[in-house]
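Once you scroll down, you'll see the structures, which are given as structure tokens.
In what comes next, chain A is part of two complexes: it sits with chain B in the first one and with chain C in the second one.
And now, the complex of A and B:
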């Protein structure tokens, strides 16, 4: 049985410009110890999807339908106090910017100790001892546990975020652009840390990113999202060496690669305005293969080989 | 031929604000040594990339060359003329027309109350180059050049009606309307969506050819630098550690920092990414207020010796056109 299963999730935002279908019928699952990359550009719905799993959506968001099954329980039906027992302990989250997620008035060790005291009824001394251990496990010397977030560098703050996220040994970690604000060398350190976490704690990780290079390094499977929908799902082998969807193919050909000066592919146009998304397949206005049906009807996600699904009319016989 | 831009031992120190108590105790002012003695030249018609991590001084260098900042010391020579301390009034007469800048974030660099046409026309008015119908024609022509067609439609739009990629095209049009010789592009694709980045890179290369431009391209992304640039300088903590053609520096890096940087950049290829050999370095760049003695990289360097902690290495030519600042390369 999968650790987490998302079934046909639909989330909308009510905005002054109308309703935005941020997540529009998304289904996927994640196995124990698996790293799934959720890749998309701005407005693809990748972050909303991550927040929906934890039911941390802003007030103007509404979940229209769908299920998030974790250990046989639909998280979307749980009450706030039941959810609180799962957040942090079973499923935790790492955000892009640690400066806005860490409390500036709390010592970094306190972030962790507090969670231990809440979830395990630990006494203060015990909680601080473990907090220091967890900080050391992510490469922060125990004596820095008394620092405030502003006394640390960006990379160290992100390590603190990770330490807070893993302190309770959650089975699932949702990391939303955890390295996008960091320089490449620090990014590399953080990715190593996430890999280590997967190996040591057998944790599953949903890695949300705009960067196909990051998922290439760490993911087992990749979901390509566009305008609220999944366009392609597969193992890294499928996605990087046999991409089927024109969007995936285009993205991969448009990234500059070291050692290559050959001309980059260009995906024309821009990601759609989500208050007024295109009809049919939402990628059709930018797709070189678009034809009549693409404008009228959204293609279903169909299997092209085992574990490899694509939502594109090119692969559907009619 | 003389290079378009010559930079000699350029320095920029920013004073650190002292607290009230420090001032009472008349504690000595401290400085962030953002750029601390760099020398390089930009050849006419080339794309010269300045690369490095945040805080290395690459953007400060860009601002010094555009003279949005005044250097602390050193020299900047443009077309044979020293502009290091040239006063603003004189800069405006000639330099500002010939050197333009494109900023990273097109959401911040465009005035939200100015229509696209007005924003692009603004430099023409400031420099009294054209007015009326002629001015509008020039703007429409520029809009066409940057791919915002039909230009009449975009002329009357406001920035909020445009996507990120379209805004960056407006910023490019505004920079190029004066037909500058040098364009400084400060991470022009970093704030854009992945599918838009290649559009902007391609546009920059096309415009360079069409308008005979020279680019100083500031970036933290070495793969993009490889794609767009002819030569590159890698900076670390206010210093250039390696300089040369992109082929030399990025295919055959010699400085341990360049090696580490290169081996940390993620590559969109799972097999390569998971099997390549890495040069690992610990930690993060130290505080530029008190940079390490000797070679600034020595506390993190896998090769460091006693000499490195004492003596600062010079940028030396190790093969024709390839310069490295490292004691270990003799």
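And now, the complex of A and C:
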């Protein structure tokens, strides 16, 4: 049985301009110890997907249908206090912006100690001892545990965030753009930390990012998301060396390469307005291969080889 | 280490007018506190005892601030008056903050119908003219006069505090509305923190700064309102040494030329109000996160 299985999840946001279909029928699963990269551009619904697994969506969001089955339990049906026991302890989250995810009036060690205290009923002393250990494991000296967040740099704060996320030894970590706000060298350290975490704790990681190179470095499998739907799923080899979907191909072509003389490729058009998404395949207005059927009907995800699925009419015999 | 940080922030090398306002306000408040604490020792006469001197004696060496129409020493009454002024004002502010701040936190964080109802109640209190509101509450609490000094002081404080609850509620609620959107609140939820933990450890410490200047502003206003209530006869009893009471009884003798009976209590009310106003204004300026950007 896989650790997490998302079935046909549909999430909308109620806005004054209409319903935004942020996640529209997404299904996938994650095995224990697996790292899955969830790649998409801004507004593709990848962060919403991450938040709906934790059921931490903003009040104007509604889950229309679907299941999020973690260890055999549908999280979407759990009551708030049952969910609280899972959040942090079983599934934890690393957010994008390290400058705003730490409480400015709380010492960094306390963020960790607090969580240990309410999940394991630890006394204060022991919780702080473990908090310091965890901070050291991500490369922050124990004496900095008494610092306030403003006394630390962005990279250090992101390490603290990671320390908080791993302190309770969760089985699944949802990392929402954990490296986007950091410079490249710090990015590398953070990715190493995540890899280390997977190896040591056998944790599964969902890595949400818009950066294909980050996923290439760490992920076992990659999900390509566009306008609330998954367009292609495969191993890193599948996606990078044999991309099938025209969108994935476009994404790969638009990575700048050092020394290349040719002009950088840009996928034409812009991401769709999600209050009124395109009919049929959501990518058809920007797709060079679009045909009649692409405008009428959404293509299902079909297998092109073992473990490699694509949602595109080009690969479906009719 | 943290304490020195705070001190350096409040009293830096480069100082503006607000730093000196803060210092002056604090010095006056400390003097008032010393007056209140040491009143039994430094007061030359019993403040309630009548005919300790000739009635209507103008200020002289024996009676620094003169005597009133019943021959009570005005200076002694002023010293003792600091006690009731500080006691009533601080009690009123503490009660108002203790009710207004938690309600504001809760209302802002939870939202929904509870927030609607609480906001409606607070707005209707706020819309009411404050002295009339306090007057009504004081009259309701003290039908036919309080039984003892303590209960008169508590009732006066309660009456005043009702007026101030909405100002704490509104300021705190408004701050919570923006604080609760911070990512660290969501991160705390993602770690499994319950509502109480999030409110007390994440939302409250980041939402209370705007309420601090209000505390000292209210303190100033409370001294005035307490005097007003005593002046109107629903606060403290007339024989009691209180600036408001003395002002109320003293002003009737102004036409006779006995200015000292109302001037000194008035001066004290003015000084105390000014001191707290200065502290409030200075804190408002110093605690503003945008400070130093202009």
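FYI, the second predicted complex is superposed on the first by the 318 of 318 C-alpha atoms of A that agree within 3 Å, B and C clash if a C-alpha of one lies under 4 Å from a C-alpha of the other, contacts with A are read in each partner's own complex, and residues count from 1 in each chain.
The definition used in the following text is that a residue touches a chain if its C-beta (ideal position, glycine included) is under 8 Å from a C-beta of that chain, and two chains touch if they have at least 3 such contacts.
Quick caveat, the model's predicted, so the values are computed rather than measured.
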Touched partner set for A:240, first chain B, second chain C, both or neither: first
Contacts of A:87 with chain B and chain C, given as first, second, both or neither: second
First (chain B), second (chain C), both or neither touched by A:124: neither
Partner contacting more residues of chain A (chain B vs chain C): B
Chain B versus chain C as contact partner of A:303, first or second or both or neither: neither
Partner chain(s) touched by A:62 [first = chain B, second = chain C, both, neither]: neither
Touching partner for A:187 - first (chain B), second (chain C), both, neither: first
Touching residues on chain A, where the partner in the complex is chain C: 54, 56, 59, 81, 84-89, 92-93, 95, 97, 100-106, 111, 114-115, 118-119, 161, 164, 168
Chain A to chain B touching residues, read off their complex: 41-42, 153-156, 183-188, 191, 210-214, 216-217, 236-237, 240, 250-252, 254-261, 263-268, 270-271, 286
Sites on chain C touched by chain A in the complex: 111, 182-184, 186-194, 197, 201-202, 205-206
Sites on chain B touched by chain A in the complex: 53-54, 163-166, 193-199, 201-202, 220-224, 226-228, 250-251, 260-262, 264-270, 273-274, 278, 281, 284
